[in-house]
Structure formats: C-alpha cells, structure tokens
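Read from first to last, the chains carry the letters A, B, C, D, E and F; within each, the first residue is number 1.
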Amino acid sequence: MVKIEAIIKPFRLTEVQEALVHIGVQGMTVSEVKGFGRQKGHVEFYRGAEYRVDFVPKLLLMVVVPESLAEQVVDTIQKAAYTGKIGDGKIFASRISDVMRIRTRETGPEAL
Amino acid sequence: MVKIEAIIKPFRLTEVQEALVHIGVQGMTVSEVKGFGRQKGHVEFYRGAEYRVDFVPKLLLMVVVPESLAEQVVDTIQKAAYTGKIGDGKIFASRISDVMRIRTRETGPEAL
Amino acid sequence: MVKIEAIIKPFRLTEVQEALVHIGVQGMTVSEVKGFGRQKGHVEFYRGAEYRVDFVPKLLLMVVVPESLAEQVVDTIQKAAYTGKIGDGKIFASRISDVMRIRTRETGPEAL
Amino acid sequence: MKRLVFACGFLVLVLILCTAFAGAADAPTPLAQPGVAAAVPAESGPPKIDTGDTAWVLASTALVMLMTPGLALFYGGMVRRKNVLGTIMHSFVALGIITVQWVLFGYSLAFGPDVGHFIGNLDWIGLRGVGLDPNPDYAATIPHQAYMIFQMMFAIITPALISGAIAERIKFSAYVVFMTLWAFLVYDPLAHWVWGTGGWLKELGALDFAGGLVVHISSGVSALACALVLGRRKGYGVDLLAPHNLTLTVIGGCLLWFGWFGFNSGSAVASGALATSAFIVTHIATGTAALSWMLTEWIHRGKPTALGAVSGAVAGLVAITPGSGFVGPLSSMIIGLLAGVVCYGAVNLKPRFGYDDSLDVVGVHAVGGTLGALLTGFFATKLINSAGGDGLFFGNPSQVGIQALSIVVAWVYSFVISWILLKILDKTMGLRTSEEDESLGLDLSQHGEVGYTF
Amino acid sequence: MKRLVFACGFLVLVLILCTAFAGAADAPTPLAQPGVAAAVPAESGPPKIDTGDTAWVLASTALVMLMTPGLALFYGGMVRRKNVLGTIMHSFVALGIITVQWVLFGYSLAFGPDVGHFIGNLDWIGLRGVGLDPNPDYAATIPHQAYMIFQMMFAIITPALISGAIAERIKFSAYVVFMTLWAFLVYDPLAHWVWGTGGWLKELGALDFAGGLVVHISSGVSALACALVLGRRKGYGVDLLAPHNLTLTVIGGCLLWFGWFGFNSGSAVASGALATSAFIVTHIATGTAALSWMLTEWIHRGKPTALGAVSGAVAGLVAITPGSGFVGPLSSMIIGLLAGVVCYGAVNLKPRFGYDDSLDVVGVHAVGGTLGALLTGFFATKLINSAGGDGLFFGNPSQVGIQALSIVVAWVYSFVISWILLKILDKTMGLRTSEEDESLGLDLSQHGEVGYTF
Amino acid sequence: MKRLVFACGFLVLVLILCTAFAGAADAPTPLAQPGVAAAVPAESGPPKIDTGDTAWVLASTALVMLMTPGLALFYGGMVRRKNVLGTIMHSFVALGIITVQWVLFGYSLAFGPDVGHFIGNLDWIGLRGVGLDPNPDYAATIPHQAYMIFQMMFAIITPALISGAIAERIKFSAYVVFMTLWAFLVYDPLAHWVWGTGGWLKELGALDFAGGLVVHISSGVSALACALVLGRRKGYGVDLLAPHNLTLTVIGGCLLWFGWFGFNSGSAVASGALATSAFIVTHIATGTAALSWMLTEWIHRGKPTALGAVSGAVAGLVAITPGSGFVGPLSSMIIGLLAGVVCYGAVNLKPRFGYDDSLDVVGVHAVGGTLGALLTGFFATKLINSAGGDGLFFGNPSQVGIQALSIVVAWVYSFVISWILLKILDKTMGLRTSEEDESLGLDLSQHGEVGYTF
C-alpha cells in the first residue's frame, strides 16, 4: 500500500475531499500544519514591534491507498488542490508495509 | 526500524499509552488530527445556517520501534484502542531507515 | 528522496529553520505535537484535583530532500536543535518514492 | 416546514390570549405620574440638578458605552478566526470617530435649535453653549452635558450595528469613510426628526422611547443596503462560515443586555418611576425573547442553541426599545415573545433572498426594530408614561398609523441614503478588499495582526 | 497532610486573635442610624420615591443581572471544551425561564400577601398590583416594581448556581424542567420564609441580609442532591477533567465580584449608609478570602493558583452575603479569612466522599453559605444596622441558635425537595444524556453547535 | 521616518489650531458652581448623606474595582499563552493584598490625620474611626467609608499597573513581597502628599483630580525601575513575543474604559455637575486618543491595528485622568489627540533604549500620566471647577510650574524607592524565575496550571 501525504492550501480541503470520495477513497486524515517555502509569509505589528512570520497555514492530508490507486489519487489531489499560485503545496508518496483496522483486525487493502 | 502510525479515538489515549509503556515502549509522539471515514460526522446549526461536518477529531500516534517489537506494538495498540464501534481507526506500519537522538547523536535502535 | 522527520523542542524552531535555509533547504512543514518520553511532564492543580500530564509540547518538522542532502540535513538539524538536556528529540529518516509539486506537476527532486 | 407552521400557529394563539390578558392586567397598575411630568419640579425657579437623576443618567451612559465593545465581541465571535480583530475594529472605531463627530457637529445637528423640523442648526458645534446647567427641553434635572453624552453613546453604537452586514469583506478605509458620512447623513437627521425639539416625526406624535426608529431600523435597513451593494462573501453557501468563538459572542451578548438597561431605562433621563418601568419591561421582554427564540428553534430544528438563546435576547432588546417607556410588564412579555419568534423566522428566511447579511443585522435589527415600533402603537399607554401616548389596545388606534408611517419613513430614508452613499464609495474608493485579502482575512490584510497565537 | 494540619492550626490562631480585635474595633465606629430606619422618612404622608435610592437599586439590579452571565462564564471555563456552550446555557437559560416564572407566579408566591407564614398568595400573579408606587413593607423609597425586579435577579441566579454540580452530563430538556419546578418548590417558599412579610423564619429573627440561606444554602445543598442522584461523569478519576479555558473563568469570576456589589449592597434597597456598609464588607471579605484560599493552597500544595484565587473570591462573596448588612469591616475580614480556608478544605475533601460535584457547588456555596449564615450569628451588630440584630460577640448568644436552626431548615428542605424532584425526573424523562452524547459533549449532542472553531 | 516627521508636524498644527479654539470655546460654557462647593450644603448642621451622591460614588467604586480584572485581561492577552494566568494573577492578587493592607494600614497612612505634611498617622488603622458619617474634609455628602473604599480601588490598581513591565519573568513570591512593600513605601506617601489633608503637594496647589501623579506616574516610573532591574525576557528581540490573545486584550481594554468613568467622574465624590464634566471629558479624550493613535500608526506604518486603537484609548484615559475635573470638553479633545500621538511615539522609541518594558507601562502610563499632569497646568479652569485652579491658557502660568514640579517629585520619588526596593529583593530572595521556569512559562512554573486545554 502507499501512503500519500499532500500539503495543501486550507481552503482547498473541501474540493480535495470531494474529489477523492468521488474516485472511491473512503478515508483520510488531515492535520493542521505550518509550511515554509517559496510562498512568502507576512508581517505583523504589535505596538512598537514588527514580526516577520515565515510560516503559512497549510493542511497535511494523509491517505493510504492500495498501490493500484496511488497514481490516480495523486492526480486527483493535484487537480483539486491546484490554484496555480505559489504555495499550492506538494504531494509525497511512500510505501506502507502493513495496515490494520482497529475495529476488525482486518489487515491489508481491505482494512482501508 | 519500523514507524507505527495509529489513528485512534481521542479518549483511548490513556489506555494506549499505558499499554505501550507496559510492554516497554519508552517514547511516542501524538498529534491532533481530523479523520474522514465511515464514521459519520455531525450537523451544526448557527441561526439560519446548517453545516455538515464530516471530519471527526482523532489522535495520530507515532511510535518508532525496532523491527522485533513491531508486531507486538501493533497488537497492543489495537487492543487498547478497541471499542468495537465504527471509527476506531487504523494502524499503519512503514520502514524507517535511520534514527538519531538529538541529545546524544546515538543512532539506530538505541536512539529510541 | 528522503523524508526527514525531526521532533524538536518548540523554542529551537527558529535556529533549526535558519540552519536549514543556510544549507539550501527551501521548504519544510511543521506541526505541533505532544511527546512522551524520558523527559518528565508536569503536575497541574485544579482546586482539589491533581493531574499528572505526561505529554510535553514538541514540534514535528518534516523536510523532504534528495538522497544526496539527507545526511547533511540530519546533521544540521541535530546541531541546531541540540540543548543537551533530556527531551531534545529524535530525527527519523525514511524513503519517499514520489514527489509532486501541485502548482507545476513537476516530480522528483526538482519538485522540492 | 410543518413544524414551523405548527410553531407559528401555536404562537399566534399564545399572542391572542396574552393580548387579552395584557389589556386587562397592565391597566390597574397603580401609578404615580412619572416621566417628564415628574422630572419638572412643581416649584418655579431655574431648573435644579438632582443628584439621583444625574447618578442614574451617568451610570446609564457608562452602560451604553459598554454596549459598543459588547457588540464588538458579539460580532467578533461570530466571524471566522481570521477576521476577529477586523470585526471588533468595526465597532470599536465608532467609539473614536463618532465621539469626535458628535462633539464637533453631530450633537448640534441632531439636538441643536431646529431648522425647518428637519435638522438642528450649528449653534452647538463644538458643544458651544452645551453646559452644565440643565436644558429643560431635553432633561430638566440633569446637566445638559449629561444628556449630550448619553445621546452620544447612541450615536456611537448605531453605525457599529451596521457592520454585521459587511463583515469579513469590507476595506477598513472605506468602512471608516462610510461610517463618518453615514453619521452626518442618516443618523443626525433621523435623530432630529424623532427626538430633537421641533423634529417633524416627534411633532407628529411618533413614539420611540429609546430608538427603534433612530437606532435599529436605521442601522438594520442600512445593513440591508450594505449587504446588497457589497455582495456575498467568498465561499458563501459553500464553505463552513461558522462562528469561530461563541464564548466571545456570549460575553458580548451579555454585555449588550447589561448595557441595554442604561439604553432604555436611562432614556427616562431621570431616576424614579419611569426609569424603573423602562428597566423592568426591558428585562422581561429580553428574557422572554431569549426563551421564545430558543423554543422556536427547538421545535423547528430539534435543538435549542446557545447562539439562538443569545440572539433571541438581542432580538428582545431591540423589539422592546421603542416602547420601553410606554408599555407595561405583560405587554413587554408579549413583545418579547413575538420578537423571538419573528426574528428567528426572519433569520431563517434570509437564505431565500440570497443576500449575505453575514451577522443578521436585517433579521434582528431591521425586523426587530420594526416589530417593536409597530407594537408600541398597540401596547403604549399613558398609564405608564403620561408624556407618552395611548396605543390601539388603550383606545387610540391612530397611534398604529403614526407608528407605521414613521417606520416607512425611517426605512425609506435609511435605505436610500445608505444605498447612494455606498454606491458612490464603491465607485470611488472601492468597498471590498481584494479576493486575496479576503481569503487571508481582515486581521492580517487590513490590520497586520492576528487575534490568537495559540 | 501535615501541612494541612499546620495551616488549619495557624488559622485558628489568627481567628482567635482577630475575633478579640474585631469585637473591640468595630464597635466604636461612629454610626448614624442607617438602614431601614433611615429609609422611612420621619414626615408622614404617602411614601415618596427617592431618586438616589432608586438609582442605586436600579444600578444594583443591573449588576445582579450580570452575575448570571458571569456565572455562565465562570462555570463554562471550568468544563472541557466540548461542554462549554452547554454549561453556559445552564446559566443563561435561567434568565429566560425564571424571568417568565417570576413575573407570572414567582414574585407573588415569594413576596405576595402571606398564607400561613409559609407562602405568598396569588394576588400578585402577573404583577397585578405591583406598581410604581413604593411598597413600604419591602422598600419605602423606591417603586415597588424596582424591588420586584431586584428580587427577580436573585431568583434567576440561584438555580443557575446548582448547574455546577450536574455539568457535562445532564440532558438539557431535563435540566429545563428541573429548574422550573425547583423555582416553584424550593426557591419561592424559602424566599418567603426568610424575606417575605409574614415568613416564619423572618419572624423567628433569622438574619439573612442578601441570601446565605435563600440563595447559597438552597443552591449548594440542591447541588449535593444533584451530584448524588446523577452520579459521576464518565472518566471521573481517570481522565484529565481539567478546565479548558481559565481565562473565561477569570472573566466570569470578576463579573461575579463586580455584580455582587449590587447583590449585597443593593439589598439595602436604598442608597446611603447601610448600602455603603454592605458594600465595603463585601469587598473586604472577598479580597481577604481570595488571599486566604491562595495562601492556604500555597502552604498546602506548594503553589498558589489563579483558579484558587478566583475560587477564594467567590467563597468570600458567598460567606459575607448573609451578614453583609449586619457586620462591620474587621468582622468581614475574619469572615473572608475563614471562608477561604474552610471552602478550600471542603473542596479538597470532596474526593473522599466520592460524589462528583463537578464544579464544587457544595464546597463553595453550601459550605460557604452555611459558614456565613452561622458567623452572622456571631458578628452581627445593631451598630451597623438597627433593623438587624446583635450576634454573640455583641451580647446576644441566642442569635447563634436562631441562625443554626434556620441553616438546618434550609439544608433539610432544599435537600429533600430537590432529591425527590430529581428522582421523579430521573424515572420519568431521564436526567442523564446517553453515554455517547456525554462523550461527544453537550455542545454537539444537546445544542448542535461548538464553542470554538479555531 | 519621514512619515513619522510628517505625522508629528501635522499634529502640532492641529494642536495649535485646537488650542486657540479651546480657549475660546470652553470658556463661555454656562456653569453652576459645581464640585466641592456644591457638595457642602448651605444650611449649617452636621453633614448629611445625599442618596444620589452616595449612589454615584458606590457605582463608581464598583466600576473602579472592575478595572483591576480589566487590567488583568488587558495584560493577560498581550503575553504568550504560557504566561496568561501568571500575568492575570499579577493584577488579581492586588485585589487581595491591597484590600487587606488598605483596611489595616494604608488608608490611615494615606488619608489619616497628617504628620508633617508627609504621611498620615496611625489613628485610622483597621478603619478605627472611619465610620458611616461623612468626613467633610474629603467628601461632605457620602459616608466616610464610601470615600475610603473608593480610594481603596485606586490603591489596588496602581501596583497592578506596574506588572506590565515585569511580565513573563518575575517570581510570584518576589512579586507579592514587592507589591506589599511598594504600597507602604510609594503609594501611601504619594497619595498623602497629593490628596491627603495636609499633604505638601496638595498645599502647594498641585492639581491631580484622579491620579496622574499618584497612579500613573508612580506606577509607570516604578515600571521603568522594574524593567531596568529585572532585565530582558529570554528571547527578547529574537523570538516572536507576540500577544497570544488580543480578544482578551480588547475585553480588558473595554472594561478599563468602562471602569474609568468611575475612576474620573467618581473622583468628584458626588453626583451632579462636576461628575458630569469629568465624565464627558474622560470619554472625549479617550475616543480621540484611540483615533489619534490609530491614525498615527496608519500614517507611520501603513496599517491601523486593533491593539493600537485599544492602546490609544488607554493612553487617552491615562492622560485625561489628572485634569478630568478641571478641563473642558474641547481641551480634553486636544489632550486625547496628543496622548495618542505622544504615547505611540514613546512606545515606538522603546527599542532604542533597550530595556524590556514588556507591556509598555512606561510608554503609556509614565509618559501619558506626565503629559496629562503637565497639560492640566495649561488647560485647567475654575469655570469647570471652582475648587480647582486656572491653567496657563486661563491666565495662570504659574500652574504649569507647580505641575512640572510635582511631576518631577513623583518621578524621582517613585523611581528611587522602587529601584532600591527591587535591588534589595533581588539580592535577598531573587526577582526572576529560573531560565527553565521562564521557558516553561509562569503558568506552569509558578502556579501549576495552564490557561487553556483546547
């Protein structure tokens, strides 16, 4: 199985989620993260002080899918998360050796 | 070494943590995530508006352990996180190529 | 490519980020996590009740870099995150099979 | 839908019963001659400051001042996290802008010597001649300046109320200009018509004790113009535009309730019987409306919400405002009951109309204010305030007509002027932030700061 | 443990010293004849409304109103995030329910013409006959309606206080029914006994200036019944049931303190000497109790907490309430000192008893109210309030007996009625949410909304 | 930089224009003889309590009490999350410590019978002889105890103000000791000099209506000493030391504004004309200062911030405090205008000096208080308060000298005593937490609790 981790802009979540569900993905896990990259951050003022904040809010999406689906999932996420502006994010794929569903102890693809 | 990532229901954390410590795991890292899956979300009302929220709060537990312990750890987490109801979560295992303890620069299993 | 995940003390973030930028890393992603390990937590009091909190706040840094850079990155993080006190954290490295930049559909090292 | 019909039917029934009861019950209340009458001491001589009256008006003024921050929090909690400070600023800045405007011009325009029943003249600009002796035209037993500052707080909160309709997308600079001009063009004239000596609606006999027309209709209707001219927020109808911090909204709502005692009861501009009467009807209407919104919601949707209960309270406060110095306790209970149901309904109908009145200023203030101003025409009685008037249920059907007329006037005037003003600003300086700024949030884009760094 | 013993020993010592001092020091305070005496003007004729008195009572009423939202926040901050709105609603809804109940029935039952020293009759339902002229039985210089609304605020906050004991697990519908019935069955009779003209505890000479018996013992003891009948929260003793937002608790606690000036000082139902005296002893006891809880905690556990300091303040406010119109400043300092220590102790002993009084209503209100009502029997003096009584330290040991008796009566009555009521509700509609709803949280399960969307 | 120069130039211009205007406009205000004169009734006989005056002073006292929690929240929001409760405690604990100190010793030292123009004697310790009859030396129409408790609230908030300078790094135990000693050594004497009967600055004719010298300069300058002795926070100039919750700061700031009406207007220690005048100038200066800080920031940095607007309001409140009972409305507008600009400038210059006055107590309170005290020497007029004095613009240039002298005295005295005190404490018990505790945060290290568990 393949773990796909995608860093996306927060306001694209709904599109990405719906697109994934549409191609048959049944589950995913999301966490709020802060990204540093080419996209610039912003400046904040507090009375006399000025702070540069380099990190911008992003979502990290994690979806584990069978090998067979991996490419399509990457493709789907890319399309749904795309805005064309800097900071759209990255998609990483890596191998998962085992999966287990806690509720049923199923393992392998049917555990997803 | 093996990285075990488990998505669990938040209120099972104490049990899982204690069970892991019991079998000799010395460290773990937890993050708050939102999960989408078979478990239904809920509806929220705000004056005239009604929102379906599909994501439910979960914890993502990450434990890196030596190969030898991996199976037992998965088993332990499954048992401790189990409630039998939909949404109990998943356990993923993947390979880690290197580990280093920042404080000592130790690497390999003894760095855990 | 290699995914390097480092668990560090929150207040070392600026140093680590600057050190990484200095060696040419262009992007990274950070999330707030809670760590359990040798470092002790603390006790909290609320009226009659006393709670032991075992988890301490940590940051989880994720940087994906080409194989060639991996070792240097680990080394850099270790140096920058080092305080010498218990709880400095760990660095994990694992293999990434694919990367894609959402904005350009570039893949491989140039997507980073 | 069925549930809604049921709920409404049920409430109409309750209304009818209560009405009968109210007519009967409020009447025999033993009453002194409170109000303006009581405020003018029988003995001749120059008006004398009464320490108790002044104490109550000053306390009331402080209470009304607190309503604007209360509103800031009430609104601030209902937007998304990234707009919390921007939204707070929409109210807070009124404390700066209108304070200065009022001292320099506003008070004179609204309450100064009358020009053609339409506006005050400029005799009182910079508070010239507004001293510490009472001005018996407005309040015979407190310093004139106390009356001036009490009224200032009304002038401050009114434009701030509008900001709920333009939340999460207006340019701060445009907002500041809009508010300043609106104070001159809408608030000051309207206040003069209704409350100023010589104002034409006042002379017509319109009853508006603490600002149903001047405060709530004017702001609520202008909010409608805002929502129409500005258009919807990005993501409206698609994204989760849920309140980010309802505890803030609860804090704000409660400060509003607390401050509103000053708003309504302080409008007696004296301590004593009339202030007491206004105080109790304010509270009764509010409590009842909180309950009735909550129950309607419970019946209609299956769950009573905290946001609903607080919104109901605000609806009740709005609805009782115009009649607070004229109606009795049971009447106020009916007004509150209706306010909760009607405003709940209005807020729920909003999606049908398609405009994005983000924080429901129309549904609560325009609708609630209109309801209250109208019901004043039914429930007002000289038994409570001899200087007021009798409503339909107390034998004077014409009051309903007068109320209806003034409501129409306030609607039309506020809408037209606001709409023109907004259009001009939109063409010249632009009202909305850029798309990018909107999605970054007002806090960062307009103010360069964030609400929380957790 | 040792530390605890040490702390207690130390405080007993302090107490003894202070007592001696208090007896000596408060006495020579030069005193007019304030209080009720002063409130009835010497000249005959119908009672006249005093603007200063009315101003203070209205201001006080607004202050007491604010306490209920204050309580909502105080409690709301102490629960887990998922229950914050549900907990806020437990207090907020009282503003709706009891307002209606009080106008329609409650005031008449509690303060209406006496029936057998036990309850008021129904003459005043719907506020019939409760007008704007003073009712000299209760307050000779303010409109009767002002007295009515001031008392309403007490009736509102009392049942809300109970909600701390049932936090995080009660069904909202059951709670609403419980509160309504409790008002009829417990609050209204008890208020009549202690404060109503003809009430039997009043005639017995029980001293309860602002509600030690009527408010704090009644709510605190009913809270005990609630905790016992409802059982513990899921995860009690296992999970981290820590407060989710202590800044909210601090805000709430401070609004309570602020509002309590109205509660105690307003209970003079006039401005002037007695109101001043009640004001200052309230503040002194509160500040002292905040300090004494904090210090006891510091000695006992090694760290002074913010929650402790705020809890101490609330304990002090509770404890001074019954005696606030009867005791002098140094006495109030001793009462505050003891309140901090004793309530801290009570809260710390709770785990031994095993019931889950989630937010310590018993430890603070039942214990603090009892302590205060008892100490009133020691420290009261006619030098402060000629219409009050003397306590043991001022030569009248029997007052301690009277106080003890009324405490027992209030405990037994509140506990028994509440317990029966809860048992009936539990059998019929069920008191607790389902396990699933409890772990989802009240906000989502009962109200369909969440406190924060960060 | 250019922008800053431009902004300043612009404002100087505005100032000059306004000044001319103010001299002209405030003068003709028709005035009764308010203030102390009015407070002493013409008829002889013992002083009588006025219910209206007492109502206003009690209400004001409650308002001023609320400022300390307000300050707790204002400051609490500006620190990092891990220090929020610790910072709140710095203010809150003053409510405990100073309440006790004031009753037992402070009031006697500050206001008791004079000893050599320098300090009160010990006649009034434990409030012996401080009864319910008026003390005509201080306030002829309210109970002496009302005056005492009103003054207590000033004594409470003053040391709490200092805590902004030592935020995020002081040991709680050291702070508690510092505050207690500071009250005895700095506040009580200074209050006696300026306000106590016989105090030497009072006799010199220094005008300080509500505490520019006694409250703001004393605390602001002591804060400077604190910042210097304590040194900077870890990470100062490197890490993001941004406010963690500006909504809390807004809530706190608004409670400060609200409470400040009691602070300044209540300082008339009576209701009526003078209280009204103080009330309105307080509001006008505050609104104007909020605006002027915001606009200066807008010009200077390109963005107006919410923190700036609230800070400006506080700066305005500080600056108007000393003159609030002596100046007219247009003068107050100028004072507010300058306060916003000058304090903004002061806060922006801080980094040049290198000390870490974490929450800008020096820039706002020392600078704002000094500005206000000085401007009082220009704008004061007996037309507003016959018991006050005339300033330079009203024909009495010497008042500026007197003001300048008292400012210097207050600066030197506060700085020297605080500095010595801090040095001693640093050597003996140590002022700062350990590095580890500092990076863990005050909440956990000093109090064993956390602000939020989200």
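Convention: contacts are C-beta pairs under 8 Å (C-beta built on N, C-alpha and C of every residue); 3 or more make two chains touch, one makes a residue touch a chain.
Here the structure is a predicted model, which means the values were calculated and not measured.
Per the definition at the top, count C-beta pairs in contact and tell me whether B-D or B-E has more.
Higher contact count goes to B-D.
Quick one: chain A and chain D, Cα centre-to-centre, how many Å?
46
Centroid of chain D to centroid of chain F, CA atoms only: how many Å?
Computed from C-alpha means, the inter-chain centre distance equals 33 Å.
Rounded to a whole Å, what is the gap between the Cα centroids of chain A and chain F?
Those two chain centres are 52 Å apart.
Identify all positions of chain A at which a residue touches two or more other chains, and write them in rising order.
Expected reply: 31, 44-46, 94-95.
Which residues belonging to chain D are in contact with no fewer than two other chains?
Residue numbers touching two or more other chains: 50-53, 55-56, 59, 240, 242-243, 245, 251, 271, 301, 303, 305, 307, 448-450, 452, 454.
With touch defined as at the top, which chains are paired up in contact here?
Pairs flagged as touching, ordered by label: A-B, A-C, A-D, A-F, B-C, B-D, B-E, C-E, C-F, D-E, D-F, E-F.
What residues on chain F touch chain E, complex-wise?
It comes out as residues 49-56, 58-59, 61-62, 65-66, 69, 72-73, 76, 84-86, 88-89, 92-93, 95-100, 103, 126-133, 142-143, 145-146, 148-149, 152, 172, 245, 248, 251, 271, 446-454.
Tell me, which parts of chain A touch chain D in their complex?
Residues 11, 14, 42-46.
Please name which positions on chain B make contact with chain A in the complex.
Where chain B meets chain A, its residues are 2, 6-8, 31-38, 54-55, 58, 60, 74, 77-78, 81-95.
Per the contact definition, I'd like the list of chain B residues that touch chain D in the complex.
44-51, 53
Which of the residues in chain E come into contact with chain F in the complex?
Touch list, chain E to chain F: 21, 25, 28-32, 34, 50-53, 55-56, 59, 63, 80-81, 240, 242-247, 250-251, 254, 257-258, 261-262, 265, 270-273, 275-277, 279-280, 283-284, 286-288, 290-291, 294, 301-307, 309-310, 312-313, 329-330, 333, 452, 454.
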